[in-house]
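The two complexes that follow have chain A in common; it is paired with chain B in the first and with chain C in the second.
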Partner chain A sequence: MSAAARTVRPVSIASFAQSQNVRKDDERNEVEGLMPVIAEVFGNIGITKADVGFICSGSTDYLIGGPFSFVMALDAVGVWPPKSESHVEMDGAWALYEAWVLLQEGEIDAALVYSFGRSSLGDLNEILTLQMDPYYEAPLWPDIVSLSALQARALIDAGKATEADFAAIASRSRRDALANPKAQVRNDTAPEVLLADDYVVAPLRRHALPPITDGAAAIVLAAGDKALEWSDRPVWITGFDHRMETHSLGARDLTSSPSTAKAAEVAGVAAGKIDIAEIHAPFAHQEIIVAEALGLDDSVVINPSGGPLAANPMMSAGLIRIGEAAERIRSGQADRAVAHATSGPCLQQNLVCVLEGA
Partner chain B sequence: MADELTTDAADLGPVTTLATPIRLDFDFTPGVAQSRFLRGLEQGKFMGQRCPSCNQVYVPSRGSCPTDGVPTTEDVLLANVGTVTTYCVVNVPFAGQSIEIPYICAQVLLDGANVSFMGLIQEIPTDQIRMGMRVEAVWVDESDLTPSLASVRYFRPTDEPDADYDTYKEYL
Partner chain C sequence: MADSEVLHAEHRLEYPYSRSTGPIIGAFLTGLRDGKFFGATGSDGKIIVPPTEYDPITSDDVGELVEVGPGGVIESWAWVSNPLRKHPRTTPFAWALIRLDGAGTAMMHAVDAASPDDLATGTRVTAKFRPAAERIGSMSDIEAFVVEGGAA
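And now, the complex of A and B:
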């Protein structure tokens, strides 16, 4: 364990659940989509809401186009018995971070974290424009695909990647997703075939883009006796950090991710061998940038779940990386894993979570 | 050209206001439970759902009991009549107002429901509205019914005596 890891209260990922990831769930509302996920995340370990001391969610009103959708979503959990509750207008991975910080204080021993997002209700490419600086950038409506293409172009120009690398990442992700029944895009297509796709925005072809996904996810965190009681093989969080870069794209080197590197350093990624990495890189080329920033070598299995190229539910895709990594430790496939989540355009903000088996 | 722009911009002084029009369009998915409520309106009926845990009836239900967090699966057909639990007489004009002021906006607790429901009260002078008044829904013509609250034109008083305060005091 790293120096940072020794100072934290051990907290475990006690349970994980995610919805089926689909292009458009036009039958159920947010609450109806969340309820089965909440029921499953509690049911996995035979507990109820009464067993957790805190609830934290991650979502954004921009996806549904209505105010306070996170308050409405609480109907999926219920208000009785009353619980301390919080929300972040971010991916659920950051909600998990908030819950983890609260658990560090030692007053509670368990927390529920959930996230949801329905990207299908509006034009996601336009919605994501509104996360830009509102004075100089957003009024120009720079869409996220075009901005990511600029980043991919910079990566190619720097000699760090080729279009064939992007195709290889997309091919591997969707082939691995064949073993993940919750994934949305699952197929076995060779990189050479993918390279025949047309450009969406050069140098990004369709395969290098994430799917548009409706979905939800939830995790129960446990510390102390509850962690041992609720799992035969607790999965411990041994390092956790998140860092942010400037919002001004022109002031960043888009071919690297210093915020990921800093978070990885504080989380202690390099303190031991990493078996698997779940990387939240919505665009294929971003996996190359994040893997380098995390300091991963070629022995690390990246995104065995299929990753965000196989299912990218906004606000949940980062939390799902942590859940998927934890499940592989719990099943014995891995002993030490790193999960990553991102937010903002072109990997602006990054979160790194190190997980270890008992 | 660049020099001209610089000169003009300098003459205009600092920018203090910036208008950036934003418009986004969204689909709305009412969900399974709320769709049943809307389909009920299309037939001139109020459809609610009951919580299997606390037995409260919600109208409309969003598919879960907000208290217990469990799915509401039992459909409940509610009465066309209810009780005014509280009200407001609107005297202030505002942009887009479609009803002539003054008018009454009230919370109506439909018989059989455990949450009240907002509606207009008409066919009564505004100074005669009161808590406990019994009212009934007046629907649009059958051919004009749609899966929308626009199917309910308004509520109007019935001939019944006022409801006893104890019957609605929990719903204020």
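And now, the complex of A and C:
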């Protein structure tokens, strides 16, 4: 039985906020960076912390370099009076999933989800290696760009893409970001110009890589009467699933994303027409793989926000996809959208969220 | 605020503990120390290299260990012109996914080649182990893979 056929409690994206995405914010700590985002996500709909029954965050200690950093971040919301709270060492999209599951149980009607990360504090190439298999892969220190380049080469060899396709995706993303004041890399550069970039790790040129971004984001989820009270046009989550593949890189077919395809099937992506897709594909070639796994046709507008090639705040770039997709439904630009988030090297783990207007 | 006014502090995060590598991963690493590759038999009879304790698709326990390699074929590769400080090579090299002879999956390692022109998907390579006295039972016991019979 697909999720579309399963009875789920309708939950809405009631509010979304994100920080300015920047290359390096070393004037504010995590709490100071989050506080205006939390104020905005509550302020958008005129509520306070007292109106939510649960708080869930997504972040990683490896960025800040200290254990239990999420505990300190809770100061951005206020720790008194105490509130039921949880955390995932993952992108905020997975924190949103946890809150959505709790809302399904029906004991609470609203939740706050937030995520944050300062990618600039360390060397992402080294930090992200620590997510690899500790026996076979991490000891060699493969960096995320090299791993993504292995995937890009496999895609080219399979005849599913060319380097020109990667440049076209990067060009489109950063051009679309011109309309997104929160994005970090915004310009109108033709693909032919981008193809003159040097290789960082061949076959990936500079433009096919995501920017290094500091940023934060937050979403308020609401169910029942609160969803209707807090929005004139509630944006409903109508399908939600996430799946993971083996951590053995060489045991995967890197040119496809069966975990995305499975999550899309369970979330019911194909149950109606998709107007826009916000895809968390940090490397340009990964958009091709995810779009195929989601079953999107050429009519779907991909990453109108500019996507992760325009701003890739670690731990928030996935949550932002869901927020950006929801905003386009709320504004009437779209009626049905799919948002995607990824985690791990080469699209190892994937989350799919289907959103629909009232 | 000017950058010079921003306070900076160096902080090192470590998790200094040791683990047992167990009967499968341990056997593979011990094999490397002896200059050999071992894979584990998966549910469909495919040899998983490097071996996991369970089949990545079915989650069943893996079967007997089988010797594979040391030659194999490049399934995908990426050329690093400027090695990073922790990379296994200090001069330009390729990362590659290599399917060892007899294996049903690929393993990742570095390929030592003079130029990307020497490499392609499908190129045959073979493991160049460090001298026996230097091997400790680690992926770094393989110095690198090299193109079989010299240049491609």
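Simple rule for what comes next: the second predicted complex is superposed on the first by the 353 of 358 C-alpha atoms of A that agree within 3 Å, B and C clash if a C-alpha of one lies under 4 Å from a C-alpha of the other, contacts with A are read in each partner's own complex, and residues count from 1 in each chain.
Just so we're on the same page, a contact is a pair of C-beta atoms (placed from the backbone, for glycine too) under 8 Å apart; a residue touches a chain by one contact, two chains touch by 3 or more.
Note that the coordinates shown come from a computational prediction; the quantities given were computed from them, not determined experimentally.
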**Message:** Just checking: does A:E126 make contact with chain B only, chain C only, both, or neither of them? Give me first, second, both or neither.
**Reply:** both
**Message:** I'd like to know which partner A:E27 touches here: chain B for first, chain C for second, both or neither.
**Reply:** both
**Prompt:** So, A:I38: does it touch chain B (first), chain C (second), both, or neither?
**Reply:** first
**Message:** Taking the superposition on A as described, I'd like to know which of chain B and chain C A:A149 touches: first, second, both or neither.
**Reply:** second
**Request:** State whether A:K49 touches chain B only (first), chain C only (second), both chains, or neither.
**Result:** first
**Request:** Based on the superposed arrangement, let me know which partner A:L254 touches: chain B (first), chain C (second), both, or neither?
**Result:** second
**Prompt:** Thinking of the overlay built on chain A, is A:V193 touched by chain B (first), by chain C (second), by both, or by neither?
**Reply:** neither
**Request:** Using the superposition on chain A described above, determine whether A:P139 touches chain B (first), chain C (second), both, or neither.
**Result:** both
**Asked** Which partner does A:G65 reach: the first (chain B), the second (chain C), both, or neither?
**Response** both
**Complete:** Both partners, chain B and chain C, contact chain A at residues 26-27, 62, 65-66, 126, 134-135, 139
**Asked** Can you list the chain A residues touching chain C in their complex?
**Response** 26-27, 61-62, 65-67, 125-126, 129, 134-137, 139-143, 146-147, 149-154, 157, 199, 201-204, 245-246, 248-251, 254
**chain A residues within the chain B interface of the complex** = 25-32, 35, 38, 49, 62, 64-66, 72, 74-80, 118, 120-123, 126-127, 130, 134-135, 138-139
**Complete:** chain C contacts chain A in the complex at 1, 3, 6, 8, 11-13, 19, 21, 25, 29, 48-50, 52, 56-57, 75-81, 84, 86-88, 95-99, 105-110, 116, 121, 138-140
**Asked** If you look only at chain B, which of its residues touch chain A in the complex?
**Response** 18, 20, 22, 24-34, 62-71
